[in-house]
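As structure tokens, the structure follows; a few thoughts come after it.
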Amino acid sequence: MSDDIIAEIKRDYIYNLAKKGKRVDGRAFDEYRQIEVETGIIDSAEGSAKAKIGDTQVIVGIKMQPGKPFPDTPDQGAIITNVEFAPIASPSFEPGPPNENATELARVVDRGVRESGAIDLSKLCIKEGEDIWMVFIDVYVLDHDGNLMDASALGAIAALLNTNFPNERYELGKDAPLPIIDLPVAITAAEIDGEIILDPSLDEESIASTIITMITGKDDSLAGMQKSGTGPLTFDQLFHISDIVSKKAKDIRKKYLETS
Amino acid sequence: MSDDIIAEIKRDYIYNLAKKGKRVDGRAFDEYRQIEVETGIIDSAEGSAKAKIGDTQVIVGIKMQPGKPFPDTPDQGAIITNVEFAPIASPSFEPGPPNENATELARVVDRGVRESGAIDLSKLCIKEGEDIWMVFIDVYVLDHDGNLMDASALGAIAALLNTNFPNERYELGKDAPLPIIDLPVAITAAEIDGEIILDPSLDEESIASTIITMITGKDDSLAGMQKSGTGPLTFDQLFHISDIVSKKAKDIRKKYLETS
Amino acid sequence: MSDDIIAEIKRDYIYNLAKKGKRVDGRAFDEYRQIEVETGIIDSAEGSAKAKIGDTQVIVGIKMQPGKPFPDTPDQGAIITNVEFAPIASPSFEPGPPNENATELARVVDRGVRESGAIDLSKLCIKEGEDIWMVFIDVYVLDHDGNLMDASALGAIAALLNTNFPNERYELGKDAPLPIIDLPVAITAAEIDGEIILDPSLDEESIASTIITMITGKDDSLAGMQKSGTGPLTFDQLFHISDIVSKKAKDIRKKYLETS
Amino acid sequence: MSNKPKKLIEKGKRLDGRKVDELRPIKIEVGILKRADGSCYMELGGSKVIAAVYGPRAVHPRHLQEATQVIIRYRYDMASFSVKERKRPGPDRRSIEISKVSREALEPVILKEYFPRSVIDIFVEILQADAGTRTVGINASSVALADAGIPMRGIVSSCAVGKVDGEVVLDLTGEEDNYGEADMPIAMTQEGKITLLQMDGNFTKEEFTRAIELAKKGCKEIYEIQRNALISKYEGVNNV
Amino acid sequence: MSNKPKKLIEKGKRLDGRKVDELRPIKIEVGILKRADGSCYMELGGSKVIAAVYGPRAVHPRHLQEATQVIIRYRYDMASFSVKERKRPGPDRRSIEISKVSREALEPVILKEYFPRSVIDIFVEILQADAGTRTVGINASSVALADAGIPMRGIVSSCAVGKVDGEVVLDLTGEEDNYGEADMPIAMTQEGKITLLQMDGNFTKEEFTRAIELAKKGCKEIYEIQRNALISKYEGVNNV
Amino acid sequence: MSNKPKKLIEKGKRLDGRKVDELRPIKIEVGILKRADGSCYMELGGSKVIAAVYGPRAVHPRHLQEATQVIIRYRYDMASFSVKERKRPGPDRRSIEISKVSREALEPVILKEYFPRSVIDIFVEILQADAGTRTVGINASSVALADAGIPMRGIVSSCAVGKVDGEVVLDLTGEEDNYGEADMPIAMTQEGKITLLQMDGNFTKEEFTRAIELAKKGCKEIYEIQRNALISKYEGVNNV
């Protein structure tokens, strides 16, 4: 059978299950796959984490180095987020510079960290107008089975929690932990034939007409949002999603970020 | 009918008209389409102009910023000219870095400004050997109906006439107009089956075997010349063209540049 | 006849000759084609050489300019080696950035110069921690008839022997010759159906299953080695090659490098 | 960069005199380019944008074709002189992301199955940027698609809502965006289907609800302007 | 960068306590990725590497196909955080060369004629680098190829030999590599065919002979580890 | 960079001793490369250039083919060491423009309809640059095309004319170009058809007329040298 026919059958199967309130792997609509977070796994990085959601697997390394501030923010550090779709992670990933999906992913993760105020950028100033810390958040996707957004965002904040200023290497005093203020968590929903599910698997993503990520901070306020996909969303669906993400984000934050 | 056949018919039609001393749009051989120049249209630029020749339309923005001088000209500013064939302008323009035609266009416009001495580069020196002004001339082609060269050159000089040093933004004193010394004008001719016409439209360009641009300054001397196209030109044709460009350039200079 | 059939016939012919201890051009297995080295041919370079091995021809230009040292070697100059497969040299070379073969070639030539200690990098320090000399070794392949490695390595060291510090241009005193300590020579062997030959021609290279280059210094020690090609090599073959390269390298060094 | 003004909203008025639920002045022109199949020039306050549509046309190379529907491509590009600091021409990460979400904002209304094996190219050039450029680009593109005669289920309208001095406001200026607390660009059809939604900054759930209401109002006003521009164009054509 | 220690070998012991002919500790896991057809994670001291294999699969564009055999592609890539100074993502000259010689190190054992017109992709990601990464990449790839079920004549095993404080030693650390006098990565089949050989630094002919002997010993030990990992994987599968 | 000399022309003599209407010494060699189908090495004073021609040969990818004629490609490239300040290898804007006009300078004499669906590649490498390199490139390419046996209507000859110290002179040196007032590279056939013409600087109409006359003289002399080089080559071949 051709790939197209298999895709067609898979699509029908997932649709029909969704109509009955079910998912292929038996999860409830608002249920995540198993999550695992492991930190401090890369000695050459200032901070690192591996985040797994089901079979989806990303590794995040944090590198810090002194640099020049932007002219309009002379007393603030810089965050640079990059996502690599390493070709080991999927047959559809090809070597080369980030495509539009990797770029979007990087920018949403970046805004989540930045806009939630997770890092106090003024703490990254070494000497006003002259030297600041540049924090590179590099996400490498190792295995892609859907919902890269949540895995990447979770890996990023977990790695930041694990990060130390490499002061000694640059003769700036003793190494010290990077202070983290907020703990943004991304929750992603997909719309499949009118139904809203959380943490879509790759198969579910491939037939979802639209996908929406909401990032919330510790105080439950929204710190970021991104709709992607070519399907429209109703306002009812939007408010439904914004209702269910809060609790889910709180659970994940508590279980995987506040314990460490 | 296929595109090829239409092109063939169009070619014959224009050729036959040319033999009778006529052009498709009724113009005389040395007649320009309607010219319009509008300046000061982009607030974010230090200078700007829109130039239209018939349906051909370009917009030119001038940006200035401090930079380092070249080692061999420590007391002179720099002019950097760039032409973007924006894909909105023609079905044949594709996104991407400038191709050889855009590169040639940019370099001819650049030499026209530079070699005519339109700008006294020593007036662009901020501090000898350390800081100079870099003048970026960015030409965006918006609609391409032939003779981009003259439209771009006209837009460039009109935009320069409209340019102010952004001294305040860089804390170098008050803003002041960029002094313009000469007013180079480019006149482009095309050879069609032995006949010489000025201001070729896109259809005329597409069948011309050779195209030649001559740039003259206020004193009527030649400041630049560029032949393009794969057809040869006789010396008689060359001298004929150099005879007719002077008057035409004078008219355009007077009407569109010296009034402002 | 198709190219494939000609290639097949050529292959068989070379194989059969090799079985009889012979080569297409009549050389012995350990015999080089005629070598020519000419230096000082490019006035705009600080040093230059043309090296020919048979019809293979490369030109090497050395450019030197002041630069910043690497942080971990504040008192040492830098060598930057680049190989351009100029498209004039072969129907299979295409314009564009160096491919993997050109990159490998550049890096092996670079390591040969660097690891043999041919240049005392501390002599390239202008002011510790601030200014050093950068030595650019640019190899342009002009005609490719096999064994680019040996021609490039020979051209590189010959050009270095011919190089002067351009002190005057940078107001650092009088020009002076670059001191060269060692004279690395690369010897390349190819394996064809079990036989080992030196200095493979392009035809021989194209059917060799593996190619190995050994670089030796004046004291006969190994300064570099690189195997390429998808065929395996036995340890016996390896030691056989390491035995025969020494004498050959000594001959070439004496004849083409020590006389100059 | 200028320093932050003490107050961005005073007595319910913003620095440019607008109320919190008011759009900036809009100027729109349809069919301004000869070569493009459809085009639209649009100004929203200090943001000036040209959109052009080419197609449906053939896809090269052929393996990019889709057998059952037209491909939509969208290129958002900022002219080098559109911002205070000259921008190097060509795509950057920001424009790549904006191109993606803008394309997805328009795809739902295009009848893609009408033109299999073809492509529709939407090119947006930002001539002058003062916040909201992606929304202006979507609005202008929507009109340019209609001008090109592309069959559509409706028009997409887009605007941004944000938070400034703690208040939820419609259509931020560049200054409000720089010193504000949240920015949410949104696009929707006239039936109220959301086709673009991005947000960054900080919204409580209540502010979010209020923001959505303001966005609906803004998009409705923009829709009327888009509609009138297209009607005028066709009337103009008929009158000639 | 730390300064050179006075001595890298003292009383026959190296700074990390190893003897001159001893490998660093090795950790290996087979089949760790879901999406890849074959995969292997391998640690050698402080070097941590993932290898994934995809294929045989179709070649695009088609003119790259070879009529009589499979094409092998190999991509060695260092993660930006794998080294002290952040590395800009993407290939550089070093990784291009390593990819080439690594591919050539594995090609001799792959039965390429089994899959004409196809491609096998081998992707190696260096997560943490402390010398010897190309050898670990080859070792892990060799196992990942077996895990993917690619028919092979045997397993390729690889290690580096070098010269430190004038002594020929097995499996350099990063520090030994920086301050050592020679480095020679090598790969071979269990039948003793050399499939990779590079060297830089300074070896006398005697040292070279000694280095080859040490390399044979190292590769033999690595082969046992590779073999056991694959056996465990299959036993694990059978036990399930 | 050296400072401008007081006078570039004194008593009718230029700094290198030439008269105003005199070319620099020319050296030419035909067929110097084995692999190329045609080749030529040419020196004009301090400018040293190699041109190579490949083709007619097949075009890849096929959609670039033209059904009724051969495609001509021309690549002008400066070696990194050809100028005082090392030039980064690869094309820049200058070389892209020169490649375009040089190709157009040669196309009129090539019988392009003889080889439909094919391509002729002309590659020019500037080994040492001292002004006039594009004209030397065209001269050498013209000879290399003939050496490759490409059917042509004639030979294209090229030289530059300029203005120095207010005088119109033939064949500028680098120094004259730097401090001169105008530079005009031109190419023509022996029948006097202009195939390349560029100018920058400042020419009155009278100077322009004088410049054209000088250029005709220069091109005629170069034509004789090109012709003799080709005759010697063929005689050489026949004598063997």
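The letters A, B, C, D, E and F name the chains in turn, as written, and every chain counts its residues from 1.
The definition used in the following text is that a residue touches a chain if its C-beta (ideal position, glycine included) is under 8 Å from a C-beta of that chain, and two chains touch if they have at least 3 such contacts.
Computed from a prediction, not measured in an experiment: that's the story for all the values here.
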Taking each chain's C-alpha mean as its centre, the one farthest from chain E: B
Measuring centre to centre, with centres taken as mean CA positions, what chain is farthest from chain D? C
CA centroids of chain D and chain F: separation to the nearest Å works out as 51
So the centre of each chain is just the mean of its C-alpha atoms; given that, what is the distance between chain C and chain F in Å? 32
Taking each chain's centre as the mean of its CA atoms, chain C sits from chain D at a distance in Å of 58
Can you tell me which residues of chain F touch two or more of the remaining chains? none
Would you mind listing the residues of chain C that make contact with two or more other chains? none
Touch list for chain B against partner chain D, complex: 42-45, 48, 55, 57, 59, 61-63, 65, 82, 84, 86-91, 95, 97, 136, 138, 140, 142-145, 169
Residues of chain B touching chain F in the complex: 71-72, 98, 100-101, 103-104, 106-107, 111, 114-117, 212, 217, 220-235, 238-239, 242, 246
Can you list the residues on chain E that touch chain A in the complex? 33-36, 39, 46, 48, 50-52, 54, 57, 75, 77, 79-86, 89-91, 121, 123, 125, 127-129
Over in the complex, which chain F residues touch chain B? Could you list them? 1, 93-94, 96-97, 99-101, 104, 107-108, 184, 189, 192-205, 208-209, 212
